[in-house]
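The structure's right below; bear with me while I get my questions together.
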Amino acid sequence: MQEIPLSQILFVSTALFFIGMYGLFTRRNLITMLMSIELMLNSVNINFVAFNKYLFPDHLDGLFFTLFIITIAAAEAAVAIAIIINLYRSHNSIDVENATEMKN
Amino acid sequence: MNLTLLILLPLLTAVLILLAKGLQQIRIIGLTGSLAQLGLAGWLLKSFLAERAAGNSAAHLFESNQTWFKALNIQYHIGIDGIALAMILLTSVIVVAGILVSWTMDKLSKEYFFLLVLLSMGAYGFFISLDLFTLFFFLEVAVIPKFLLIGIWGSGDKTKSAMKLALMLMAGSALVMVGLFGVYYNTHTFDIVQITQQGIPVAVQKFFFPFAFLGFGVFAALFPFHTWVPDGHASAPTAASMFLAGISMKLGGYGCLRIAALMPEAAHSYAWIIILLATIAIIYGAFATMMQTDLKYINAYSSISHCGFVILGIGMLNKTSINGAVIQMVSHGLMTALFFAAIGMIYSRTHTRMVAQLGGLLKAMPFISTVFVIAGLCSLGLPGFSGFVAEMTVFMGSWKNPDGAYRFATILSGASIVVTAVYILRATGRAIMGPISTEHELLTDATWNEKLAAVLLITGILIIGLAPFLINHLITPSTDAIMLQMGKILVSK
Amino acid sequence: MSNYLYILWIPLLPLATFVILGIFGRKYLSSIAGLLGTASLLTSTILSFVAAKQYFFVDGKVNGVYQKIVALKYTWLEFAPNMSIDLGIIIDPISVMMLVVVTSVSLMVHVFSLGYMKGEERFATYYAFLSLFTFSMLGLILSSNIFQVYMFWELVGVSSFLLISYYFNKPAAVAASKKAFIVTRFADLGFLIGILILGYYGGTLDIGLLIERFTSVHSTQFLSITSASFLGASMLTWGLTLVFMGGAGKSAMFPLHIWLPDAMEGPTPVSALIHAATMVVAGVYLVARMFPVFTMDESALNIVTYVGAASALFAAIIACTQTDIKRVLAYSTMSQIGYMMFALGISKNGGENGLGYMASMFHLFTHAFFKSLLFLGAGSVIHMVHSNEMKDMGGLRKLMPITHIAFLIACLAIAGIPPFAGFFSKEEILTAAFHENKIIYGIALFTAALTSFYMFRLYFNIFWSKDAPADNHHESHGEGPWVMKLPLLILAACAVGVGFIPFSQFITSDGAPIETHIDVVFSIVPVALSVLAILLAASFYKNQNGKSDKVAAAFGGLYTAAHKKFYIDEVYLFITKKIIFPFIGQPIAWADKNIVDGFMQWLAKITLKVSVLIKGLQSGKVQNYAMYFFGGIVVLSILFIYIWK
Amino acid sequence: MTYNILISLRQELVLTVLIFLLLFIKLGKDRSNESILNFINIALALNLAAGFCCHETAELFNGMFNTNPLIVFEKDLLNLAALIISMQSYAWLKDNKNVIEFYLLTLTSLLGMFLMISSGNLLMFYLGLEMSTIPLAAAANFDLTKRKSSEAAMKLILSSAFSSAILLLGISYLYGTTGTLTFSILTAHINGSPLQLFAFILLIAGFAFKISAVPFHLWTADVYEGSPVAVTSFLSVISKAAVLFTLLNILYKVFTPIANTWYLILVLLAAATILIGNLFAIRQDNFKRFLAFSSIAQVGFILIGISGSSQIGSASLIYFILIYIFSNLAAFGVIAVVSALTGKENISDFKGFYKTNPMLSWVLTIALFSLAGVPPTAGFFGKLFLMMAGAAKGNYGIIIFAALNMVISFYYYLRVVKAIFMDQNDTPIEKLQVPTVSKIAMYICVAGVIVTGLASVVYDYIYSISIGL
């Protein structure tokens, strides 16, 4: 079977990235926003893997990077969720609109 | 001798003041310190004249040059010529007088005297520095003390005035800074002496001269950047007003002079603007003064008018006029300080500065009134006082310039002396003469410290006024050097 | 040439007195201040007589011509090489003559004041100021450098200011002093510019050099100044006219005279010194000093002439209508100075043509004595009556005989009745005028008649008109102490005597003596006119009859106009109060507050406004932050990938 | 040799050891906060001292980690800042039961910054970055009960996650176009193709977010306001400084081929940053928020300095950071004490402050003047040199612009001084008992503010070790 051209993969990843961004911009629920960010990170992962496989197959930089991104994303998510929980304690909601005390 | 003493001495005084306890100690220290400064300045004069007499005809004496920021080629380069020396003497006299008149300052006295001394340090540093960076450094050092002095110890709408003054002066120094960068990046040095030797490309001058000159102009109350002057002076406590008008406005004039000397071509091509602004300042200031009703405002506006003569003298760019400008700086410094001192004394007794509410003070406080009248007569350029010498020299210098427009400017400025007479006599006639109001009849005359301050300043005024050849001999060589430099550059280009 | 340095002491002594009295007077010397001042001035007077004797009779003359001697020259302030203010002493006929006049009149006033100002609180200050004035006046006389003249000119002005406002708690006095100072200051501005012009083209400020350069037709300086012109007039005309403007200010020439009448608010002896004999003739002296240069420029001289003549007539007319005796004297002074001015104006330089010059100086000389005499007389009258108004006086001849005689002599002198001093000098002036310019002669003649009329109007109103007032407060202190009588007598003697001095032997335009003689035929007309005028005055005022009022009514508008001094003061008031203040001063003050400063304020305001305006950016919504973030990226990308690629 | 590695890594190692020690202390029986705090401060001081011992150039883990005198000095600066902050937060932590966690978080993040600074590779850089960010987000939430605190933490974590996503996208494209992650190799492959430019812009955006340059700055104010003072000062000084160092390093070493592009970008960002920062700072009343915006404006000046892209530029940057540490921390120190003892954080509360607390007032005033750039404080020299560096390229427009903005900034700093000295207030903050440790910290700062400027040796030294384009 002939393989998928890089451009299409890049298209998918870009699409994914901007879907994630759209989610981040529009959804009010903090958890969902977090998930959107994960989406963006994953699109970046796809980029790395794809670049690595198609363009520079002789080193594995891309793959390693992907691994690290996944790990750190996990850590980030953990902290974020902790914070969100704490936010819920104080605000009794995880709607981002309710956490706009500080402005101007 | 080492000029750095001029910086160290005030610094030491300031530190001691911080350590002192109680008003008595503080003011004693302050007075001794300022007297020491005066002595130092006197000694400086003596050794300067001795050097000159010994035939040392170098442009700047007592030079010393240490590298400060090697990487940026910034020197701590100090030295004085006659002009700087005159300014230093002026400063030291006014400092002593200022300390004396604020003898009974009991509100936060420690901070007060500390800031006064700090201010004087900035002035000394400014006058002795031969490196534009150092110059700029000391120029700005003086800003903060002014702000605090006015804002904390002032009267009336003090915080607003203080803010206005600080911001406008800051804007001025921002302009200066741009100008200095321009000079620096086209000569790769801040050293005035070096720059004068190697000269600055004309195009560069044309672009950066306005920044530097106007920047200093703000300090010198050049129209239309003078608006900090009235409020600032009016709100400031007496000594601060004396320092402001007597010293720190002179920083501006001195800076303008230096800049003009550094960028002769630009100065020549912009001369007409400078003269225009100066003439406006003179006339406009005079007429604005005529309409004032508050003694301090009267003196503040008249300062604008008088400082116009400094700028005019510089703008005319010939030896006589620049001589006049320098003499006018010294003279106006002493005279306006005296004026503010007198006003302060009156205010501290009558608790009003409104001309309309005063009257016949000559009856109750003859000494203070006499001081006031003397200051007034000096301000309207009476022969025998310094004002006459300064203004006449400026006129003679400006008249040398055969251009019709310049002649016209000179005549207009000359006309201001009539207006000066009008407002001075109005103030004197209302406040000093005329019938005295009953509640003022029992007021007391000046105390010893006030008398001392006044006498000191008057002596200065009289020395210049009666023996102008002294100061003339002091500064003429320096102005000659400047003119020579200008001429050389103009020829070589 | 013998040494004249001792002349330095003549001005220095009064200066010393001023300094001493000024500093210690108030506290320590108030008792002996008067004696101190008088003593020092006495010395000066003696010295100046010595000087006069030496100059005129011993060594002033070199082969028949009186020399200009510069006894001292010290560079005081050097503006530029050969352009400097030198303090110097110049000795020539007029300066020596003025020395004598000033010192002796001043001495008289000093003595008189011992009585007149007795018991004043600021007695010492008064004498300090008197000495200051005397010093300045003497300095002015001796100046050898035109800028030096200007300096002492200003000093004279200020000391007159101080003396007029001596009664500083009298608002009228303060106002008068301000007026005097400011008006003369305005005139001095012209003087200053004149100096600048002459100095610039002459290349020096030394009077001798200036004269030398501007009188030699071929000197580069003369050519340059005459070739340069502005508004059609040559720079020489401008310079001289402006210098004359200064003179006119001090000498109260029309239209700069308005300060003089008000200046009478000062103590009367001061008026006698400053506003009769010395300061007011400074203008004449200045013109005389620069006279050779003036003769080089016809138009300038004409201005001098006509201004002088106009003032003479104008003042005389007003004098007829005033009721304040000091004001009458003031206007008569103005009128007499007008005489001197146009006498100079019509004169030429050198020889017989210089008659006017000589006459003018002569009149200055005689006038000094009888006019100060008049003022001192008026002073003792006022001292007695405590009023300046004619209506409060009358019939005083019995109560104060000496004053009466002295005053009469003075009146006769000023009226030009032979053999009194005024006669001779006036004759010379009239002769000169007759030869040079008939119109002027006419004016002069008419003015002479008017003069004798109003002087005797004054005389009769004071000493005759009604009987001696019965109330006893006059007897209470009679005519004042001898110190007040003595000067009157001395001056009266002078008023009689000085006319016989062969003036033309000593003072002429070029220093060479000329022969003058009184032409009896010629002098019939003026004398007759004067006598008629006196008789007229007698018939009006010798004893109270309504005639004068009728005549006044007959003149109608002219009378009231003259009485109101032709509304000149009102014009000035209008210009200052109604034009300069509201249309120049206030707008500028307003603009400074609202436009210049307003702009700075506006900057601050606008900054704050903007900062409030954009605070929405910081919405507090984390999602918007992210959007701005992305927006920033988009902008940057567009800029740098598509535009600036 | 092995111990060579140890020497090169000593600063990181000390921190790691310290972190683990703290963990053990936490596990062990609980000690008094004082003892712990003293111990930590001493340890940090030692760490700081360790920095100065020997400066060598080294490249470890085939280019992943490299160090040189400059980098060591930068780390020293961060250590210094950390020490000062920890001393200043003494009053606040003294009776806080989670004192150790605080240090765990901050020190970890510090460690991350160290790694980031000396990273020689995009991956390493990314790891350092995240390692420094995530703990801070947690630390921002340190006052668990405060609403503002948790809101701040939320904003920080979300927007930093977003920015790192952007950053990563950039890195990925960079990788895609060059095929390498190592700086030293990267430079050769930079050719300014559109995709690379885009990637670079994304990268810059990531940086700009961390140093809070407009328009990527919006999180700053809110986070600073919400989080505890100690964390705020940590954010505003240390993390900013670290990122700036890295940025300098990357721009001057890696992206040299497209220098003109990033010069323009920097100038643009600088202008926007200065202006917006000033305009917002004018109105603020909350002190931390005020300082947030003022620090944004400061960053603008720093960017001007970097844009000079000369040795003077980098030297002035580091010099300014040093001064900024002193002056900003002096200000934060005072606020920390005040807010810890009274809970007041508004400028209006400081009216009449001078009557009751002259010492603190002077410290604050001097700090503010230094921030405003008024002589004789060091801030004057710092700002001036930054501008000089910027002017070197002959682009005087930005200099004039910045100079005028200095006037605005002067206004709001003076506003505070005015409140302290001149404004009347019948209920001023009462006399405060400042803990000795904090006092010492403040004195250090003030001394630094005064000396760093006047003593030119500091600048000359920095200049000697710093890099040019």
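Couple of notes before you dig in:
Order of writing sets the labels: A, B, C and D. Residues in every chain begin at 1.
Note that a contact is a pair of C-beta atoms (placed from the backbone, for glycine too) under 8 Å apart; a residue touches a chain by one contact, two chains touch by 3 or more.
This is a predicted model, so every value here is computed, not measured.
Of the two interfaces, B-C and B-D, the higher number of touching C-beta pairs belongs to B-C. For subunit B, the chain whose average C-alpha position is most distant is A.
Centre-to-centre, using mean CA coordinates, subunit B is 37 Å away from subunit C. Subunit B and subunit D have Cα centroids separated by 43 Å. Subunit C and subunit D, compared by their mean Cα positions, are separated by 78 Å. For this pair, subunit A with subunit B, the centres built from the Cα atoms lie 66 Å apart.
Subunit C has residues 604, 615, 618, 620, 622, 626, 630 in contact with two or more other chains.
Counting only residues that touch two or more partner chains, subunit D has 154-155, 158, 162, 221-222, 283, 411.
Residues of subunit B in contact with at least two other chains: 167. Applying the touch definition to all chain combinations yields A-C, A-D, B-C, B-D, C-D.
Residue ranges on subunit D touching subunit C, taken from their complex, read 154-155, 158-159, 162-163, 166, 194, 197-198, 201-202, 204-205, 208-209, 214-216, 218-219, 221-222, 261, 264-265, 268, 276, 279-280, 282-283, 408, 411.
Those residues of subunit C that touch subunit B in the complex are listed here as 26, 75-80, 83, 85, 147, 150-152, 154-155, 158, 165, 168-169, 171, 174-175, 177-178, 181-182, 185-186, 189, 192-193, 196, 199-200, 581, 584-586, 588-589, 592, 596-597, 599-600, 604. Interface of subunit C with subunit A (complex): residues 615, 618-623, 626-627, 630. Contacts from subunit B toward subunit C in the complex involve residues 164, 167-168, 223-224, 226-227, 230, 284, 287-288, 290-292, 319-320, 323, 360, 362-363, 366, 377, 380-384, 388-389, 392-393, 395-397, 399-400, 410-411, 414-415, 417-418, 421-422, 425-426, 429, 432-436, 468-469, 472. Interface residues of subunit A, counted against subunit D in their complex, comprise 17, 20, 24, 30, 33-34, 37, 40-41, 43-44, 47-48, 51-52, 55-56, 59, 61-62, 64-65, 68-69, 72, 75-76, 79-80, 82-84, 86-87, 89-91, 96, 99-104.
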